[in-house]
Amino acid sequence: MDDPTLSLVLFSGTDDKLNAAAVLTAGAAAMGWKVNIFLQYWALDAFRADKIHKEHGVAPEAGPGGTEALRRHGGQHWSEIFGQAKEIGEVGFHACSLSMEMFGLKVEDLDPLVDDQEGVASFFVDVDGPVTFI
Amino acid sequence: MDDPTLSLVLFSGTDDKLNAAAVLTAGAAAMGWKVNIFLQYWALDAFRADKIHKEHGVAPEAGPGGTEALRRHGGQHWSEIFGQAKEIGEVGFHACSLSMEMFGLKVEDLDPLVDDQEGVASFFVDVDGPVTFI
Amino acid sequence: MDDPTLSLVLFSGTDDKLNAAAVLTAGAAAMGWKVNIFLQYWALDAFRADKIHKEHGVAPEAGPGGTEALRRHGGQHWSEIFGQAKEIGEVGFHACSLSMEMFGLKVEDLDPLVDDQEGVASFFVDVDGPVTFI
């Protein structure tokens, strides 16, 4: 493929899924992929400037053992991994307009990683390859 | 891409994910995409004629604040958004045969949005582009 | 498409999602697709040799009724369905290096279904078509 694009719909706002999304984004960017991220619902809420560095919980299935392994392993916060992916590749973060309205948010309420807000139809204009929902 | 197709595997049956799926379907249909939806497990259960308009809960991570924002925001029910997507574009709903058997359901037990039931191999025959699991 | 490839990122480790993933893999393999599976987080944990045949729970939304329908329906365990998919098609299981490190696992701790471990960048080298996150 020439100029492959990964379109990522981020819906979930737990630290384990956001970490998985950040690792996939970094891996794709490192391999020359463009990554287009659409932030919805609980993932959008997790990108609020006043919340992004707080704990966002993990999936219920993690259980106490899984949560402990995740916290103990530490490493970088998912927001830092996303930031690095943005430095090495073409990675865009777009807040879903409908979710912004639902939470009563403006773009300036979000972390500076987020580039802009757009509607779902605009998101599909840029789709050219996989569409992955996390 | 000519005639792009979005293949959507709907697994989850909570109102937040079904709403996200409906919005993505409507956005794709508005941009000229064909959308093929495969209903499995809890999503299939949510499409039962006697359940589709009831509350189906939200992801545990929503918390009381998120649930309240979702309910307060209101707007259209996801089944209405799916219905409009079907009017403006080529959107098909196929119930997974294995899940139908698991729940002991027949096509007439489901909401009229659902076109038919099919096996997973038939679903893959029509895949031509992204496969998104929600 | 010639030689289509389904790239599957398995993140979730509950029996309902693993069963859905196994059915999709078997369906894709039956239709001549190559399937590349990347095991992360709770899905990786579920592939540990000493855990794969134990119960891994279901999504919270299943409720008591859904859980009962799933257990009663029975049928084959998802690990058997994955095994059959591997016999009929080209299906590879790759453990995510970062998740292996997080859990302190070696490849020999995993079920023999798993072929090897690799980093996320290597996973993207083989992506050629849909990328589905479960």
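By written order: A, B and C. Residues from 1 in each chain.
The definition used in the following text is that contacts are C-beta pairs under 8 Å (C-beta built on N, C-alpha and C of every residue); 3 or more make two chains touch, one makes a residue touch a chain.
Here the structure is a predicted model, which means the values were calculated and not measured.
Asker: Rotating chain B so that its CA atoms sit on those of chain C: what angle is that, to a multiple of 5 degrees?
Answerer: Resulting rotation angle: about 120 degrees.
Asker: If I list every residue number at the interface of chain A and chain B, are over half of them used by both copies, so same, or under half, so different?
Answerer: Both copies, chain A as well as chain B, present different residues to each other, with under half of the numbers appearing on both sides.
Asker: Once you find the CA centre of chain A and the CA centre of chain B, what distance in Å lies between them?
Answerer: Roughly 23 Å separates the two chain centres.
Asker: Which positions in chain B touch two or more other chains at once?
Answerer: 59-60, 130, 132-133
Asker: Name, in rising order, each residue of chain C that touches chain B in their complex.
Answerer: 1, 4, 6, 16-17, 20, 23-24, 26-28, 30-31, 33, 59-62, 66, 69-70, 73, 130, 132-134
Asker: Under the stated contact criterion, what part of chain C meets chain A in this complex?
Answerer: Those residues of chain C that touch chain A are 7, 9, 11-14, 40-42, 45, 56-57, 59-60, 96, 98, 101-103, 119-121, 123-125, 127-133.
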